[in-house]
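What follows is one structure encoded as structure tokens, with my remarks underneath.
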Amino acid sequence: MGITISNNPQRQDFPILSRKISDNVSLVYLDSAATSQKPNQVISAMDAYYRNNNANIHRGIHVLAEEATAEYERAREKIANFIGVKNVKQIVFTKNTTESINLVAYSWGRKNLKTSDHIILTEMEHHSNLVPWYILAEELGFQIDFVPFDREGMLDIDQYQRLLENKPKLVAFTHMSNVFGTINPVGEMVKLAHAAGAVALVDGAQSIPHFPVNVSELNIDFLAFSGHKMCGPTGIGVLYGKIELLDSMPPFLGGGDMIKKVRLGSFKPNEVPYKFEAGTPPIAEVIGLGAAVDYLETIGMKNVFRHEQELTAYGFDGLSKIQGVSVIGPAVDKRGGVLSFVMEGVHPHDVSQVLDQDGVAVRAGHHCAMPLHEKLGIPASTRASLYLYNDKSDLDKLFFAVERVKSIFG
Amino acid sequence: MDDLYREIIIERNRSPLYKGTLEPHDITFEDENPLCGDVIRIDLRIDENDKVTEALFSGHGCAISQASADLLVESIIGKGVDEIKALTKADILDLLGIELGAVRLKCALLSLKVLKAGIYGLNEASDSLVEDA
Amino acid sequence: MGITISNNPQRQDFPILSRKISDNVSLVYLDSAATSQKPNQVISAMDAYYRNNNANIHRGIHVLAEEATAEYERAREKIANFIGVKNVKQIVFTKNTTESINLVAYSWGRKNLKTSDHIILTEMEHHSNLVPWYILAEELGFQIDFVPFDREGMLDIDQYQRLLENKPKLVAFTHMSNVFGTINPVGEMVKLAHAAGAVALVDGAQSIPHFPVNVSELNIDFLAFSGHKMCGPTGIGVLYGKIELLDSMPPFLGGGDMIKKVRLGSFKPNEVPYKFEAGTPPIAEVIGLGAAVDYLETIGMKNVFRHEQELTAYGFDGLSKIQGVSVIGPAVDKRGGVLSFVMEGVHPHDVSQVLDQDGVAVRAGHHCAMPLHEKLGIPASTRASLYLYNDKSDLDKLFFAVERVKSIFG
Amino acid sequence: MDDLYREIIIERNRSPLYKGTLEPHDITFEDENPLCGDVIRIDLRIDENDKVTEALFSGHGCAISQASADLLVESIIGKGVDEIKALTKADILDLLGIELGAVRLKCALLSLKVLKAGIYGLNEASDSLVEDA
């Protein structure tokens, strides 16, 4: 596909990108790590579903119900295929990454973790991969050990190995940091976890949208990600789990569709993945995510990644050249398309506000990673994050706006 | 010049006129906005007629939070406790002379929240102190 | 509004209703109790959101994030207003009714229920209001008592009162049965529950879409319902809870947005409703549900109900006249727009299949109410369910198709 | 006549040719489709060469499940156990002579699932017995 950093034909697929923020100001969207924009292909897939095929799934014997069910299950196959999973029963639909991780905590965790146990998290986790474990630890009393990151924002793998000597039951870490952009060595970390007898959960919220991930090759036990960060709709998340784990787990949410049989006072759970899909699922959203996967595959995830790598290098370079600006996290070859920075003497909220006046949408704050910021000794940072629809001109506008921040607060 | 960053906001953020602490004080209260790390503490001296005689703020944060604290503290000196209780979101926006989105509003209102929590002698500041009725 | 049972101008708002099922067969949608169809107004609200305002909410300082947040919170106000709730903080967004009920079970239930306790459910509950309590009872060991229904499909209120003598902590029941159509006396049942010291949870999945409900007047403690059954999108549900209950409940799902502060190893939960909205919520879906509420309010819920009552009477009458057909459940004045029936000698699956060939979409099975069917001694039933877009001609086609079933299997 | 309800389905549902139980039997298995309440039991007698000599089904349910059970049982009499293990979804659809949506497919395949679970001597019938490879 003809996707280059200065000429990006994919832009036209995203209607919002032609939006004006005010009279003469166009939108420059650099907030894709928070949520991505959606291409026409995804918006219209959901639109078409509601206009032509909308019905509740799985139990209906009429044309609409059969069509809706077929589309829903077809999307499951697409998503399985997208992450290198053969057995589609290993794909469970949730509402977001957060629910996916909570599902593992409530179902797998409550069954398998005890007071005397250890689990391992890292200091660079998103709150979604911290708080579910804190809640559980409060209930069950196990200990949480944290893998530290170094000055560059890289995980300390030596320390990880030492922590593995505690024989943790679970290791849960992010594939890519949503603040530093660090891409963690998942394959190696999973292998080490398995060698220590731990189950490995990977938070793929920032990786699955941005580069090719083969879950089977990486031998991941649980993987969580969200549709809305990968050109898909809000309201849909995915949990991949190895079949033997999912099979052995008790149900999480109880209700329609997750049962085989219900009596007064007792029930028999359904097979996976339905066991974990209680109630009417986000049907249109699953179909929308299927369309997003089609869209990404047409471009090719390798191309998406290469494009973002080039842009990241350009952005890293440009920001670093501005005096008073420091980009946090590792060198460009170790990171994905996330550029968080601090500016001397200017609070990230003020940076982001001035940028907004130039139409440049970035995020300012702790990006749901307070422990990371606390360790850095900063309350917040400003984050520009990239996706396939960005190009050099977006970053040029960012540089220009950052200069303007300096002139206002200088 | 930028609409949001009026001269007075930039100025009061850079060189606040009422920054510091009062020892002793009659009232002190501190709170933060965990979302962005803004911290504001306000110290007050109050006379026998329930009037504020002296006031200073301390803390750190974004320009909006710092400037609004400085302007707010300035505006209450000589005022009665009852007048302070009656202050609202609109008063802060008047002082700043700008309009703000939901997130920045929290920055702007932090000082008022701190002030009211102190005046009311609360243990914890709540958003409802500065919400519209 | 000019909505009558033989001339229904609302039909044209629903694009799917002009769909052909096969060459000469138009869609006759009588499966709204499973999921409703969506009007243009709702489909385009979400479409417009994705094309113009899409951003992650609550923490962003840029125009899109502010617009998205404002639309999201505005929808919360609309929904609060729609069910007669003043304090919008009492409206929590979930993914469906099922999650709403599970939230109460996991959070309120695990905190408040003990081995020696009783709770009350009814024999006509949907699995979504049974299984979460079964799961919890297995863990905590409390006892579940069931209010029986009588031959007409009405709850036995005398028996309910006797069961209340056990001083249950919780009473949870459906506002309207999704099989019988029975509308339960919620006001009275809540009052009796309170007098016995119980908290009252109402499953509003079938009531909120179909008639005016004022939660404050009915003094309901918890109310659960789904967007997809009320002209809204899939992927969005609502939990209403009294503020003092919600405030006192521990968090359920942990993650972004539900926290005030996170440290390594500890966290401080956010205020309600955010405490219960972990992770990126179904933003477009919340906005879509807001549009659905606008749509329903334009028609007027009283008009919706009156329309359905007239159609129900017409349908009840027409079906009952067909020899060998028995409609289950109470007389028309005690029910909403749900007509479940059995046909002598023909399995519901076969009924529904033949109907489908005539374009008539109904549901066949246990409708996620196995205990109800077991008590009736039937494995399944066929259910035609109505909504504001139906009219007499839909029911005439149903009658015709049912006659055809008889001629095939006769 | 209706495509889905071919004469043979209606006929075999109304008047099955192989309905009943065998006592004694060499193999018996029963399962249900909880979704719709269809129940099928199949009894087999098998000779020393692993061939089915007699077979009957019992149970109740929709026309598709009953007719498919009757037709399946008819088709296996005289067949070897290995031949039965090789039967697939396609064979059932051939017997019925129709195509089916996902829900009805479960009705149609219940008898094959029961038959295979019996032949394999399983404790519980699983959908994977009748899924495509």
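All chains are identified by letter, namely A, B, C and D, in their written order; residue positions are counted from 1 within each chain.
Operating definition for what follows: a residue touches a chain if its C-beta (ideal position, glycine included) is under 8 Å from a C-beta of that chain, and two chains touch if they have at least 3 such contacts.
Treat the numbers as computed from the prediction; the structure is a model and nothing was measured.
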item: Centre-to-centre distance between subunit C and subunit B (centres being mean Cα positions), rounded to whole Å; value: 46
item: For subunit A paired with subunit C, centre-to-centre distance based on mean C-alpha positions, whole Å; value: 31
item: Subunit A and subunit B: spacing of chain centres that average the CA atoms, whole Å; value: 38
item: Junction residues of subunit C - those touching two or more other chains; value: 59-61, 65, 261, 349, 353, 364-365, 370
item: For subunit B, residues that touch 2 or more chains besides their own; value: 34-35, 103-104
item: Chain contact topology (line, ring, star, complete or other); value: other
item: Interchain contacts, given as pairs of chains that touch; value: A-B, A-C, A-D, B-C, C-D
item: Complex contact set, residues of subunit C against subunit B; value: 58-61, 65-66, 69-70, 260-261, 268, 271
item: Interface residues, subunit A side, partner subunit B - complex; value: 346-350, 353-354, 357, 364-366, 370, 373, 378-380, 408-409
item: Residue ranges of subunit A touching subunit C (in the complex, touch as defined); value: 15-16, 19, 21-22, 27, 29, 31, 34-35, 37-38, 42-43, 46-47, 50-56, 59-65, 95-99, 101-102, 105-106, 123, 126-128, 130-135, 144, 146, 226, 228, 233-237, 250-251, 253-259, 261-267, 278-285, 349, 352-353, 355-356, 359-365, 368, 370-371, 374
item: Touching residues on subunit B, where the partner in the complex is subunit C; value: 34-35, 101-104, 127
item: Touch list for subunit D against partner subunit C, complex; value: 2-5, 10, 34-38, 61-64, 103-104, 107
